[in-house]
(Lines give C-alpha, C1' and ligand atoms only; values in the text may rest on other atoms or scores of the structure.)
Protein backbone atom coordinates (compact mmCIF):
# COMPACT_ATOMS: atom_id res chain seq x y z
CA UNK A 1 0.00 0.00 0.00
CA UNK A 2 2.86 2.42 0.93
CA UNK A 3 4.54 1.25 -2.26
CA UNK A 4 1.39 1.81 -4.35
CA UNK A 5 1.28 5.37 -3.05
CA UNK A 6 4.96 5.89 -3.90
CA UNK A 7 4.43 4.62 -7.44
CA UNK A 8 1.42 6.91 -7.83
CA UNK A 9 3.53 9.95 -6.93
CA UNK A 10 6.08 9.09 -9.63
CA UNK A 11 3.35 8.22 -12.16
CA UNK A 12 1.74 11.58 -11.68
CA UNK A 13 4.98 13.52 -12.28
CA UNK A 14 6.01 11.41 -15.28
CA UNK A 15 2.87 9.98 -16.93
CA UNK A 16 4.78 8.27 -19.77
CA UNK A 17 5.44 4.65 -18.82
CA UNK A 18 8.02 4.48 -21.65
CA UNK A 19 10.12 7.14 -19.96
CA UNK A 20 9.68 5.53 -16.52
CA UNK A 21 10.80 2.17 -17.90
CA UNK A 22 13.87 3.80 -19.42
CA UNK A 23 14.77 5.40 -16.08
CA UNK A 24 14.30 2.30 -13.92
CA UNK A 25 17.71 0.68 -14.63
CA UNK A 26 19.40 4.05 -13.98
CA UNK A 27 18.22 4.57 -10.42
CA UNK A 28 18.01 0.84 -9.66
CA UNK A 29 21.80 0.66 -9.81
CA UNK A 30 22.46 3.93 -8.03
CA UNK A 31 22.78 3.64 -4.25
CA UNK A 32 21.66 7.19 -3.53
CA UNK A 33 18.56 6.89 -5.72
CA UNK A 34 17.65 3.66 -3.94
CA UNK A 35 18.03 5.35 -0.57
CA UNK A 36 15.91 8.30 -1.74
CA UNK A 37 13.24 5.90 -3.03
CA UNK A 38 13.09 4.06 0.25
CA UNK A 39 12.65 7.44 1.97
CA UNK A 40 9.50 8.10 -0.06
CA UNK A 41 8.25 4.63 0.84
CA UNK A 42 9.02 5.37 4.52
CA UNK A 43 6.96 8.57 4.39
CA UNK A 44 4.04 6.81 2.76
CA UNK A 45 4.32 3.97 5.21
CA UNK A 46 3.92 6.50 8.04
CA UNK A 47 0.68 7.63 6.43
CA UNK A 48 -0.64 4.11 5.88
CA UNK A 49 0.29 3.05 9.42
CA UNK A 50 -1.41 6.10 10.93
CA UNK A 51 -4.45 5.57 8.69
CA UNK A 52 -4.75 2.09 10.07
CA UNK A 53 -4.27 3.47 13.57
CA UNK A 54 -1.11 1.34 13.71
CA UNK A 55 -3.15 -1.85 13.54
CA UNK A 56 -3.95 -1.43 17.20
CA UNK A 57 -7.28 -3.20 17.24
CA UNK B 1 -5.44 17.19 -3.48
CA UNK B 2 -1.90 16.26 -2.28
CA UNK B 3 -0.82 16.93 -5.85
CA UNK B 4 -2.59 20.30 -5.96
CA UNK B 5 -0.71 21.28 -2.80
CA UNK B 6 2.60 20.16 -4.33
CA UNK B 7 1.96 22.20 -7.47
CA UNK B 8 1.09 25.23 -5.35
CA UNK B 9 4.44 25.03 -3.54
CA UNK B 10 6.30 25.06 -6.86
CA UNK B 11 4.07 27.78 -8.29
CA UNK B 12 4.78 30.03 -5.36
CA UNK B 13 8.56 29.68 -5.69
CA UNK B 14 8.57 30.11 -9.47
CA UNK B 15 5.50 32.17 -10.48
CA UNK B 16 6.39 32.23 -14.18
CA UNK B 17 4.56 29.40 -15.95
CA UNK B 18 6.89 29.88 -18.94
CA UNK B 19 9.90 28.96 -16.81
CA UNK B 20 8.03 26.04 -15.18
CA UNK B 21 7.07 24.68 -18.61
CA UNK B 22 10.70 24.91 -19.72
CA UNK B 23 11.84 22.97 -16.65
CA UNK B 24 9.25 20.19 -16.84
CA UNK B 25 11.00 18.04 -19.49
CA UNK B 26 14.28 18.38 -17.53
CA UNK B 27 13.10 16.86 -14.26
CA UNK B 28 10.55 14.57 -15.93
CA UNK B 29 13.40 12.56 -17.41
CA UNK B 30 15.63 12.63 -14.36
CA UNK B 31 15.11 9.76 -11.93
CA UNK B 32 16.31 11.66 -8.87
CA UNK B 33 14.05 14.64 -9.60
CA UNK B 34 11.10 12.30 -9.98
CA UNK B 35 11.89 10.66 -6.66
CA UNK B 36 12.22 14.07 -4.99
CA UNK B 37 8.89 15.16 -6.48
CA UNK B 38 7.15 12.08 -5.20
CA UNK B 39 8.60 12.85 -1.76
CA UNK B 40 6.88 16.25 -1.76
CA UNK B 41 3.65 14.54 -2.80
CA UNK B 42 4.11 12.02 0.02
CA UNK B 43 4.49 14.82 2.58
CA UNK B 44 1.41 16.60 1.32
CA UNK B 45 -0.49 13.34 1.24
CA UNK B 46 0.30 12.92 4.95
CA UNK B 47 -1.29 16.31 5.58
CA UNK B 48 -4.36 15.60 3.46
CA UNK B 49 -4.85 12.17 5.03
CA UNK B 50 -4.56 13.59 8.55
CA UNK B 51 -6.87 16.48 7.65
CA UNK B 52 -9.48 13.95 6.59
CA UNK B 53 -8.83 11.99 9.78
CA UNK B 54 -7.73 9.14 7.50
CA UNK B 55 -11.24 8.79 6.08
CA UNK B 56 -12.17 6.89 9.22
CA UNK B 57 -15.84 7.82 9.30
CA UNK C 1 1.32 31.12 6.34
CA UNK C 2 3.33 27.97 5.46
CA UNK C 3 5.14 30.15 2.95
CA UNK C 4 5.83 32.86 5.52
CA UNK C 5 7.40 30.22 7.76
CA UNK C 6 9.53 28.92 4.87
CA UNK C 7 10.76 32.42 4.09
CA UNK C 8 11.59 32.98 7.75
CA UNK C 9 13.79 29.86 7.79
CA UNK C 10 15.78 31.14 4.81
CA UNK C 11 15.92 34.68 6.19
CA UNK C 12 17.38 33.45 9.43
CA UNK C 13 20.17 31.48 7.73
CA UNK C 14 21.01 34.27 5.27
CA UNK C 15 20.05 37.62 6.83
CA UNK C 16 21.33 39.71 3.90
CA UNK C 17 18.46 40.43 1.52
CA UNK C 18 21.02 41.48 -1.13
CA UNK C 19 22.48 37.96 -1.15
CA UNK C 20 19.00 36.39 -1.13
CA UNK C 21 17.95 38.52 -4.12
CA UNK C 22 21.07 37.46 -5.99
CA UNK C 23 20.32 33.78 -5.34
CA UNK C 24 16.63 33.88 -6.32
CA UNK C 25 17.10 33.66 -10.13
CA UNK C 26 19.56 30.78 -9.60
CA UNK C 27 17.22 28.40 -7.78
CA UNK C 28 14.10 29.72 -9.52
CA UNK C 29 15.33 28.22 -12.78
CA UNK C 30 16.63 24.98 -11.30
CA UNK C 31 14.09 22.16 -11.14
CA UNK C 32 15.70 20.40 -8.18
CA UNK C 33 15.88 23.59 -6.12
CA UNK C 34 12.21 24.26 -6.84
CA UNK C 35 11.31 20.75 -5.72
CA UNK C 36 13.39 21.16 -2.56
CA UNK C 37 11.70 24.50 -1.84
CA UNK C 38 8.26 23.00 -2.23
CA UNK C 39 9.33 20.30 0.24
CA UNK C 40 10.06 22.92 2.88
CA UNK C 41 6.68 24.50 2.18
CA UNK C 42 5.06 21.05 2.51
CA UNK C 43 6.67 20.53 5.93
CA UNK C 44 5.55 23.93 7.13
CA UNK C 45 2.08 23.35 5.74
CA UNK C 46 1.87 20.20 7.88
CA UNK C 47 2.62 22.33 10.92
CA UNK C 48 0.13 25.04 10.02
CA UNK C 49 -2.60 22.51 9.20
CA UNK C 50 -2.06 20.68 12.49
CA UNK C 51 -1.94 23.98 14.39
CA UNK C 52 -5.34 24.82 12.96
CA UNK C 53 -6.52 21.31 13.83
CA UNK C 54 -7.05 20.84 10.07
CA UNK C 55 -9.78 23.48 10.02
CA UNK C 56 -12.16 20.88 11.39
CA UNK C 57 -14.47 23.22 13.24
CA UNK D 1 12.27 -3.21 13.31
CA UNK D 2 12.88 0.30 11.88
CA UNK D 3 15.87 -1.19 10.12
CA UNK D 4 13.83 -4.11 8.74
CA UNK D 5 11.40 -1.58 7.27
CA UNK D 6 14.27 0.41 5.73
CA UNK D 7 15.72 -2.73 4.13
CA UNK D 8 12.29 -3.64 2.77
CA UNK D 9 12.01 -0.26 1.01
CA UNK D 10 15.35 -0.80 -0.73
CA UNK D 11 14.54 -4.43 -1.52
CA UNK D 12 11.33 -3.45 -3.21
CA UNK D 13 13.02 -0.87 -5.46
CA UNK D 14 15.96 -3.13 -6.35
CA UNK D 15 14.83 -6.78 -6.06
CA UNK D 16 18.16 -8.21 -7.22
CA UNK D 17 20.29 -9.04 -4.20
CA UNK D 18 23.34 -9.30 -6.50
CA UNK D 19 22.97 -5.62 -7.45
CA UNK D 20 22.35 -4.62 -3.83
CA UNK D 21 25.48 -6.47 -2.70
CA UNK D 22 27.50 -4.68 -5.39
CA UNK D 23 26.22 -1.30 -4.23
CA UNK D 24 26.78 -1.82 -0.50
CA UNK D 25 30.54 -1.01 -0.43
CA UNK D 26 29.85 2.13 -2.52
CA UNK D 27 27.46 3.84 -0.13
CA UNK D 28 29.01 2.30 2.98
CA UNK D 29 32.13 4.43 2.40
CA UNK D 30 30.29 7.58 1.37
CA UNK D 31 29.43 9.92 4.23
CA UNK D 32 26.42 11.48 2.51
CA UNK D 33 24.91 8.10 1.63
CA UNK D 34 25.34 6.98 5.23
CA UNK D 35 23.60 10.12 6.45
CA UNK D 36 20.78 9.61 3.95
CA UNK D 37 20.40 5.99 5.06
CA UNK D 38 20.17 6.98 8.69
CA UNK D 39 17.46 9.46 7.70
CA UNK D 40 15.33 6.64 6.28
CA UNK D 41 15.91 4.67 9.47
CA UNK D 42 14.88 7.75 11.50
CA UNK D 43 11.62 8.03 9.54
CA UNK D 44 10.83 4.37 10.03
CA UNK D 45 11.75 4.61 13.67
CA UNK D 46 9.14 7.35 14.05
CA UNK D 47 6.55 4.96 12.63
CA UNK D 48 7.58 2.06 14.83
CA UNK D 49 7.71 4.23 17.95
CA UNK D 50 4.25 5.66 17.25
CA UNK D 51 2.90 2.19 16.45
CA UNK D 52 4.07 1.06 19.85
CA UNK D 53 2.54 4.19 21.35
CA UNK D 54 6.08 5.12 22.42
CA UNK D 55 6.27 2.18 24.80
CA UNK D 56 4.20 4.14 27.27
CA UNK D 57 2.56 1.26 29.07
CA UNK E 1 13.55 27.89 19.66
CA UNK E 2 13.32 25.84 16.41
CA UNK E 3 16.45 27.69 15.35
CA UNK E 4 18.23 26.93 18.62
CA UNK E 5 17.50 23.24 18.07
CA UNK E 6 18.81 23.41 14.50
CA UNK E 7 22.02 25.06 15.65
CA UNK E 8 22.45 22.40 18.34
CA UNK E 9 22.27 19.64 15.73
CA UNK E 10 25.04 21.25 13.70
CA UNK E 11 27.09 22.02 16.81
CA UNK E 12 26.98 18.42 17.89
CA UNK E 13 28.22 17.11 14.52
CA UNK E 14 30.94 19.75 14.18
CA UNK E 15 32.00 20.88 17.66
CA UNK E 16 34.72 23.24 16.39
CA UNK E 17 33.31 26.75 16.10
CA UNK E 18 36.32 27.71 13.97
CA UNK E 19 35.32 25.17 11.32
CA UNK E 20 31.65 26.23 11.55
CA UNK E 21 32.60 29.89 11.07
CA UNK E 22 34.69 28.96 8.02
CA UNK E 23 31.75 27.07 6.50
CA UNK E 24 29.10 29.74 7.10
CA UNK E 25 29.93 31.96 4.07
CA UNK E 26 29.99 28.84 1.87
CA UNK E 27 26.43 27.66 2.51
CA UNK E 28 25.09 31.16 3.12
CA UNK E 29 25.64 31.96 -0.56
CA UNK E 30 24.45 28.62 -1.90
CA UNK E 31 20.73 28.42 -2.65
CA UNK E 32 20.45 24.68 -2.14
CA UNK E 33 22.22 24.81 1.22
CA UNK E 34 19.88 27.57 2.34
CA UNK E 35 16.87 25.52 1.30
CA UNK E 36 18.24 22.48 3.12
CA UNK E 37 18.85 24.58 6.24
CA UNK E 38 15.33 25.91 6.21
CA UNK E 39 14.12 22.30 5.96
CA UNK E 40 15.88 21.44 9.22
CA UNK E 41 14.32 24.52 10.81
CA UNK E 42 10.91 23.42 9.48
CA UNK E 43 11.31 19.98 11.09
CA UNK E 44 12.33 21.47 14.41
CA UNK E 45 9.51 23.97 14.21
CA UNK E 46 7.08 21.05 13.89
CA UNK E 47 8.48 19.66 17.12
CA UNK E 48 8.34 22.96 18.98
CA UNK E 49 4.81 23.69 17.75
CA UNK E 50 3.59 20.24 18.80
CA UNK E 51 5.40 20.53 22.14
CA UNK E 52 3.50 23.73 22.78
CA UNK E 53 0.30 22.03 21.65
CA UNK E 54 0.21 24.61 18.87
CA UNK E 55 -0.30 27.43 21.35
CA UNK E 56 -3.96 26.46 21.53
CA UNK E 57 -4.62 27.60 25.08
CA UNK F 1 19.02 10.72 23.13
CA UNK F 2 18.10 12.00 19.62
CA UNK F 3 21.81 12.00 18.92
CA UNK F 4 22.25 8.44 20.21
CA UNK F 5 19.50 7.34 17.82
CA UNK F 6 21.18 9.16 14.92
CA UNK F 7 24.51 7.51 15.67
CA UNK F 8 22.79 4.11 15.83
CA UNK F 9 21.37 4.58 12.33
CA UNK F 10 24.82 5.29 10.92
CA UNK F 11 26.39 2.47 12.93
CA UNK F 12 23.96 -0.02 11.55
CA UNK F 13 24.63 0.94 7.93
CA UNK F 14 28.42 1.03 8.37
CA UNK F 15 29.38 -1.30 11.20
CA UNK F 16 33.13 -0.71 10.82
CA UNK F 17 34.23 2.02 13.22
CA UNK F 18 37.51 2.33 11.26
CA UNK F 19 35.58 3.40 8.16
CA UNK F 20 33.34 5.72 10.18
CA UNK F 21 36.38 7.40 11.75
CA UNK F 22 37.91 7.89 8.30
CA UNK F 23 34.71 9.53 7.04
CA UNK F 24 34.19 11.88 9.99
CA UNK F 25 36.67 14.62 8.91
CA UNK F 26 35.14 14.52 5.39
CA UNK F 27 31.56 15.38 6.33
CA UNK F 28 32.56 17.46 9.38
CA UNK F 29 34.03 20.07 7.03
CA UNK F 30 31.27 19.92 4.43
CA UNK F 31 28.40 22.31 5.02
CA UNK F 32 25.80 20.22 3.20
CA UNK F 33 26.73 17.06 5.10
CA UNK F 34 26.45 18.94 8.37
CA UNK F 35 23.01 20.22 7.38
CA UNK F 36 21.93 16.70 6.38
CA UNK F 37 23.20 15.33 9.69
CA UNK F 38 21.28 17.90 11.66
CA UNK F 39 18.18 16.89 9.69
CA UNK F 40 18.51 13.30 10.92
CA UNK F 41 18.94 14.61 14.45
CA UNK F 42 15.82 16.77 13.98
CA UNK F 43 13.78 13.73 12.89
CA UNK F 44 14.97 11.70 15.84
CA UNK F 45 14.32 14.60 18.17
CA UNK F 46 10.71 14.64 16.97
CA UNK F 47 10.45 10.98 17.97
CA UNK F 48 12.06 11.46 21.36
CA UNK F 49 9.96 14.54 22.13
CA UNK F 50 6.73 12.75 21.17
CA UNK F 51 7.79 9.66 23.14
CA UNK F 52 8.18 11.84 26.18
CA UNK F 53 4.82 13.44 25.40
CA UNK F 54 6.76 16.70 25.01
CA UNK F 55 7.70 16.71 28.68
CA UNK F 56 4.23 18.03 29.46
CA UNK F 57 3.86 16.58 32.92
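The first chain written gets the first letter, and so on, giving A, B, C, D, E and F; residue counts start at 1 in each chain.
We take it that contacts are C-beta pairs under 8 Å (C-beta built on N, C-alpha and C of every residue); 3 or more make two chains touch, one makes a residue touch a chain.
What you are looking at is a predicted structure, and each value in this text was computed from that prediction instead of being measured.
Peer 1: If you take the chains that touch chain B and keep only those that also touch chain F, what is left?
Peer 2: Chains touching both chain B and chain F: none.
Peer 1: What whole-Å value do you get for the distance between chain A and chain F if each is reduced to the mean of its CA atoms?
Peer 2: Result: the chain centres lie 24 Å from each other.
Peer 1: What whole-Å value do you get for the distance between chain C and chain E if each is reduced to the mean of its CA atoms?
Peer 2: Roughly 14 Å, centre to centre.
Peer 1: Two or more other chains in contact with one residue: find those residues in chain B.
Peer 2: 27, 30, 32, 36-37, 39, 43, 46, 50
Peer 1: Output the ring sequence of chains, start chain A, direction chain B.
Peer 2: Here the ring, read from chain A toward chain B, comes out as A, B, C, E, F, D.
Peer 1: Can you tell me which positions in chain B touch chain C when the two form their complex?
Peer 2: 5-6, 9-10, 12-14, 19-20, 23, 26-27, 30, 32-33, 36-37, 39-40, 43-44, 46-47, 50-53
Peer 1: Over in the complex, which chain E residues touch chain C? Could you list them?
Peer 2: Residues in contact with chain C: 3, 27-32, 34-39, 41-43, 45-46, 49-50, 54-56.
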